Amino acid sequence: MENAGQPVLKVRNLRTGFATPAGTVVAVDNVSFDLHRNDVLAIIGESGSGKTVTALSLIKLISTPPGRYLGGSIEVEGTDILQLDEAAMESVRGRQIGMIFQNPRASLDPSFTIEFQLIETLMHHDPSLTRAAALDVATRSLQEVGFPDTARVLASYPHQLSGGMCQRIGLAMVLACDPKLLIADEPTTALDVGVQAKILLLLKKRSRETGLPIIIITHDMGVVRAIATRVLVMYGGHVQEEGEVDDVLSSPRHPYTQALIRSIPDPDQAIEEISFIKGEPPNLLSPPKGCRFAPRCDRAVALCHATVPEWRGIGEGRMVRCHLAETGAAQ
Amino acid sequence: MNAQKNLIDVRGVSKTFTVKSGTFFRKAAASTKAVNNVSLTIRKGEILGCVGGSGSGKSTLGRMIMRLIEPDDGAILFDGTDLRTLSPEAMRQYRKRLQIVFQDPLQSLNPRRTVAENIARPLMNFGTSPAVANRRVDELLELVGLDPRQSYRYPHEYSGGQCQRIAIARALALEPEFLFLDEPVSALDVSIQAQILNLLSELQKKLDLTFLFVSHDLKIVKQFCDRTVVMYRGCMLETGTSEEVYRDPKHPFTRDFLGTVLHVRKDSRWEQAAERAEDLESATRQSEAGCIYAGTCADRFQRCREAAPALTEIEGARHVACHLYSQPKQ
Amino acid sequence: MSILSFAGTRLLYAIPVLLGVTVIVFMALQLVPGDIALTLLGRMATQEQLVALRQELGLDRSLVVQYLGWLASLLQGDIGHSISQQLPVTQILMPKIGNSLILMAGSLFFVLTFGFILSVLSAPRFRQLTDKLVVGLTLVLASLPVFWLGIVLLYFFGFKWKLFPISGMYNMVNPGGFGQLLHHMILPAIATASSSIAVVTRVTRSRMIDVLGQPYILAARARGLSRHKIVLRHAVRNTLPTFANIGGLQIGYLFGSVIFTEIIFNWPGVGLLLFDAILQRDVPVIQGCVLIVALVFVLGNLMSDVIVHALDPKQR
Amino acid sequence: MTAVSETIAPAKPMPQRRTNLYFVWCGVLGDPVARVAAAIIILLVLMAIFAPWIAPFPPNEANPALRLMPPGTEGHLLGLDNQGRDILSRIIHGSQLTLISGILPVILGAAISIPLGLIGAWYPRLGEVIMRVMDVLFAFPMALLAIMLAALMGPGLVNMMIALVITLVPYNTRVVYAAARQERELAYVEASRAMATPDLKILFVEMLPNVVAASIVYSCTIVGAVVITAAGLSFLGLGVQPPIAEWGIMTSEGRSFVFVAPHIAAIPGLAITLLVMAFNLLGDSLRDSLDPKTRLTLVKHRPGPGGG
Amino acid sequence: MEMRLLAYRMTSRKRAGFGTAAATALALVLGGVATAPAFAAENTIVFAVESDFSRLDPHASRTWNTFKVLRHIFESFVEEDLTKGPDVAPEIVPALAEKWDVSQDGKSYTFHLRKDVKFHDGTPWNAEAAKFNLDRMTKKDFEFHQKLSPGLMGWMWQDLDNYEVVDEYTFKINLKQPNSEFLRRLTSGGSGAPRMISPTAVKTFGNDAIEQHPVGTGPFKFAERVVGEKLVIARNDDYWDPARKPKVDQIVLRGIPEVATRELALVSGEVDVIGTPSPDSLEFLKAQGVEILSGKSPMFYLMWINMKDPHFKDVRVRKAMCMAINRDDMAKYQRKGLATPAYGVLNPEGPGYDPAYKDCEYDPEGAKKLLAEAGYPDGFETRMDWTFGAGADVNTKGDAEWLQRDFEKVGIKASIEMFDNNTFWDMMSNGMREGTGLTSASWGDSTFAWLDQVVPTTALPPNCCNSGYYDNAKLDQLLAEARGAASKEGMDAKLHEVRDVIAGDMAFTSYYTASSVYAVRPDVKGFVLSPRHWFDLTTISKQ
């Protein structure tokens, strides 16, 4: 896949923290990656790994306080949005970066009709738009996400629609503004498998047809495999591994990625053969000194416990944060 | 099939939930058939998987077996005794033999009781002395792989996976024969899921337990259970060994359901399934009389809309509720 | 359910509540130590009157029979006769309830206006200076005893600076005019409203903070909507039912406060009447006041319920 | 390697047992404002307990020659009242009844409400009946119901207390009822049933501690309001009777001299305000420290939005 | 205000459905607040007194404040001339009777009625009207008999034998025994008032509703009353005596019990005259430019003792109580000198008063000793029922607390319960409650009519006001003799006997006499105090 040209999104050393009574917790620590057109980047991680904070940081929706951007840069087509003020961000959000969320129904205002919310968004971003024109755009957008009967949907309130429908509407609302980049934060976690497939297919089609770069946050390897082109593995606030989906899934280089893939239930295996990661995810209030995964890692050596490995490239489009990645001990 | 070996025999149970409105002039505002005339058997020592989407009635079914929800009709035989006919006190005694593990481990533990108190509670309910109960708590914690010395802590000091271990320890305290596992791993991270499944599997063998394992994840059910029951909107559509159901789904619903499952291995079957996948929550039932899946089914024909198919036996232990199979095969 | 049918049903539900209210007010009479007939007629009653009343009330009969008789006359608009004034209680009460409602309307206006403004000012600035100031202000307002605040306001604004009249609801010599009424009303209305402003602000603010933490607000921000629109449109709209609800509840609390402000500002309303009735041990008047206030309270709550219902899109 | 053979210690060893008290402690200590509030209340309680030893004069000792003298009069820091009694001494002695009349009805009310709410939440039919009765009590504004009851029973401290308790019960019951209804839906209650725990044990052993927190929080936030209501009843002449020192009645008496000696009404009113403010502050802080939703922020990091 | 009147009228129909009324009231609240004033306001005096008024039916009314109003609406055969100031004993002058004859034996009074006098409703005043009124007050089987009247007005009619209409304008009253105070008592009021109400009005409205339509012959007519708020009387332009035609159009009377509110209302100009400012506020009021009027008054504070109470059965206890009161300090500090200590049952400005008399001396130690002798070395507990006060009372609660402290010093621990004035007198009629040892109220009068209500056995409960159950028939006799005494000296002597008997039993004790004090705004002219509980408002005006 060609990643020619400037990346749409360039994240460098992003650090986001939260102030708590017990001190600052760095939930996202030194995250860097690029996103090009046609890319679907999956950020995968367990709860507490920092993936959602990363997603919200990218659109600057971390509430400050208690949140704080501790450093790094987020360049959207060359502009570092971390330097933008709130007013400027308002034109970045929606118009440049679109985002859909985990809980689709709750992401729509229960007090307004779908029509109102769609048109409100459209007219906000393009004040020259007439109501009729906005309605027209809204209708087309709804049709694109698979609603044949748009009139009924437009007149509905969110509570009258199913979760899957709400997610499609959320998507329509975002896509109608024609963003340069879409972030989907666990868009299918709350949905049944059938609906999940439907949403993923919509995203995949859109990416294929228009080259819209997408970042999808998930904890499900199945989702990664289904639509992502690239994958970024997070653990304990650190990015642990990045690469093309096929590469990472077939030959993971980080022990965590390896263990993660192994622990996914495989219908072809007997239950006794399931391997699992022992121990528990780290507490970010007092993270391990060295590699975040070291306490649970089978192969950890003294160095792993002492210093945090660097984020470095290991070949074409592959990055990893492991002391052992090159020695091959990781395999 | 030897009837004597059936530990649990559910016969034609149904449950309708009615949402009532009004304070004084109560009227049914809406009613949902959560479970519709379901019969199944669980043999001793077996792990029965029950799989279905949200609203399929799988949890309600399990709770009815536990008599945490009273069925509207039908019978639930446990070791030959109809639990529904038991007096409250007799039922209380029976509770020793049936236990439950919940989806959300933290919520299922009393947050203001220590782990030891939580685990000891069922023992105390049956008159065990505190000293004996305490020793037993330690044993149980060891059994599920937790440090008994930490048992004075509160549940929220433990992670989700650990809480689920505690919940399992508590469920085992009364040495039950049967455990109803209500999506015991779906709230846990992938890396922990495997731990718990592994533990459960070990315990099952070691203690000769019988499980009813409810899940929405066909992959796990396939891997974990001996037999699988597929449910959809309160109806049982298909049963068979997990292997058979997974490899060769008979019911169109099972096929569609299986189709949308995402795999880690490269596999694009889901894309075709997704094109047709119904929005489960919104799909309207075509007619009261017909098959419950007729509205979405790709293979439907005239009869599907007219009569609901009965669960029919095909190929030995397999049962399917589908008109495709209700006639003698061509 | 349409608004009308909802209002209708709620009105139906209000009937048993109101019946319960009458039961309590009736039963409260049993709390009075001593002879009920004497209590109701006053100590100046003649023996014949006492006998007649005892017969009428059926004091020798069961409480249920007594209650039904009492209720029957109640339904005909007869709350009894004032002991001190020898007038039908309704006749004394009606003008007072009007006056109290005027004062309450003024207070409610302050409560709703300030409650709304303070909430909108503070909630979006959660834990910032403005928010802290508002929280501090509500804390002080909630902690001021109304009877004391009334005296303080009266002392400074009425006496020291002579900005407002200090007594009554209109000029005794030259009564009339809406402006005059307003002028008289401001101090007592503020005193009455103070703690309710605090309650409404606190509840509305925390609801709004809740709303602002909802996913749909995050989603709206992610779509690029301005803070302004989000707060004034989405947050306000979703806070409105809570606001209407807590606002409606204030009708009751205001009645509690009005008793004190009316006494301090000599506002001729139910509160002052009640105060006099308490000093006069005028039980029928006390009962009448409580009944009427409960009636107004129930109706006020009903109104706010209907508004809340109307504001809830799930009911459409 | 199997799970059975391996013993796992908790995620992170915690030094203390986290009882409610621990959270309360953390909440109060962690919040400087709450610390001040707690200090004020403790001070007032000490003042009430040791009143006879601290107060410069007996509460009813009068020096008629110095009637209405302002604060700063020699030997009388806060001045004298219309009877020539030392206001400071009366404030100190008055704290006793003011505190008692604010706190005792709340405690008694809670003692009635908690079982009522719990049982109501557990047995829906009975609960329906209980809550309908409460609805009826709700139809009376709080202060008004108390006034009516106190007025009909006759003035006096005990009658006022009874009136306040009756007034408080519906509010607290509704709080407990709502909390218990929510609690009932939690899996641990269902788990208790599955473990054959008898109903009453579930109610009063399992659920009670969880529900009581809601009641305590509510009670703390209401103490301030009850102090005001009780003082208000005394102000109306329905509560504490003269010459007993109590802040409400002191304010009431001072009202007649507000132009010649404003300090008589101002000082007890200020004292009430201060006390109520302290209770309100503490109540807010307690709410935060007992609310499972927010309590953890006081001692433990809460993951950022979304928890990712 | 229009809306108030409207609501008033609307509900005055008996048993009007209060639902409709509430709805209308609401509608009025929403729409009717802006209505224009209902009456002209030129030359109006707003007069604030210490409590709201009782019934406006003269034969059933009570309290001084009510009588202050009633005596301007209703008149009697004769009146006192109250325009000469507080230091002049008022003369008895003709009123509804132009002149009168007293028979030789002092038992028959023949009144020659004034002609061309009409009640405010146009009903003519004549002997039939007089008979109607006496029937109403005294004849139990009369259709319009006011049942409360005999209980309230025993002091007036206790000696009545019969009465007759001689001709249209001559009316004769026959007494059973001579009564030297008869005419003076005709001018009095407070506990009922022997004044003339329009027979037509009584017949029209009935005994129950008449008080809402009081119709008399006086210089003022009833205009409006809002209970608990105000009572308005307007000038009677057809008044028979041009010389006494009121100078103002109307007087708005308000009962403002709270003395501070009353004072502030005066200072802020909301009212023109107030009764009884606090002695503590006088300096302050003067500084605000307010004029203070004060003068002699027959009012003194008297304490009833419950003779049925086990503690007070013993005369030594009663005596001790008398000795416990520090009257001098009370007058000096509590009243700031606007009072003088009082002893015994005879009041200043009343017959038989002797300023030098003392029934006991302040002696707390002696009191303690007496108590110990009576068997209470450690004292005892009791209760005092008190009233917030009425006409010319101020801070009676403070007095109660003062006495409470004085009593406590000798060991009598008394709790206080306060009552509204009207309620208080209701209670007094029925006698002191069980458990109540002491009670007090202000009384005293220009006649000893009040002793006739307080002392004799005929006034024992349930008849007012021998509320302490002081049962001494000897006093009935003495009082009758005092009334029948031919000379002032004879009457005084008899009254001294009464006083001494009571002092011997210590059934009552008084503690101080207060001056009457009024505060008026500087633009109010012509307000004249009298040495009575009431005054004449026809001379008051505003500039």
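We call the chains A, B, C, D and E, going by the order they appear; numbering starts again at 1 in every chain.
Throughout what follows, contacts are C-beta pairs under 8 Å (C-beta built on N, C-alpha and C of every residue); 3 or more make two chains touch, one makes a residue touch a chain.
For clarity, every value in this text was computed on a predicted model and none was experimentally measured.
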If a chain touches chain C and chain E alike, it appears here: D
Touching both chain A and chain D (chains): B, C
Identity of the chain that, by mean CA position, is farthest from chain B: E
For chain B paired with chain C, centre-to-centre distance based on mean C-alpha positions, whole Å: 53
Centre-of-Cα separation between chain E and chain B, whole angstrom: 88
Separation of chain D from chain E, taking each centre as the mean of its C-alpha atoms, in whole Å: 48
Shared interface positions of chain D, touching two or more other chains: 6, 8, 11-12, 237, 255, 258-259, 305
Touching two or more other chains - residue numbers and ranges from chain A: 47, 61, 102, 278, 280
For chain C, residues that touch 2 or more chains besides their own: 16, 154, 159, 218, 263-264, 279, 281
Touch list for chain E against partner chain D, complex: 258-260, 263-264, 267, 278, 280-281, 283-284, 329, 332-334, 395, 397-398, 400-402, 404-405, 408, 415-418
Complex interface listing, chain D residues touching chain B: 2-14, 17-18, 20, 186-188, 190-198, 201, 206, 209-210, 292, 296
Residues of chain C defined as touching chain A within the complex: 127, 214-216, 218-227, 229, 233-234, 237-238, 240, 311, 313-314, 316
Contact footprint of chain D on chain B as seen in their complex: 66, 68, 92-93, 95-96, 98-100, 102-104, 107-114, 121-122, 125-126, 142-147, 150, 152-154, 156-159, 162, 165, 167, 170, 173-174, 195, 198-199, 202-203, 206
Residues of chain E touching chain C in the complex: 1-4, 7-8, 10-12, 14-19, 21-22, 25-26, 28-29, 33-38, 41, 44, 46, 52, 54-55, 147-148, 151, 208, 211-212, 226-230, 252, 254, 256, 258, 261, 264-265, 267-268, 270-271, 388, 418-420, 422-423, 426-427, 429-430
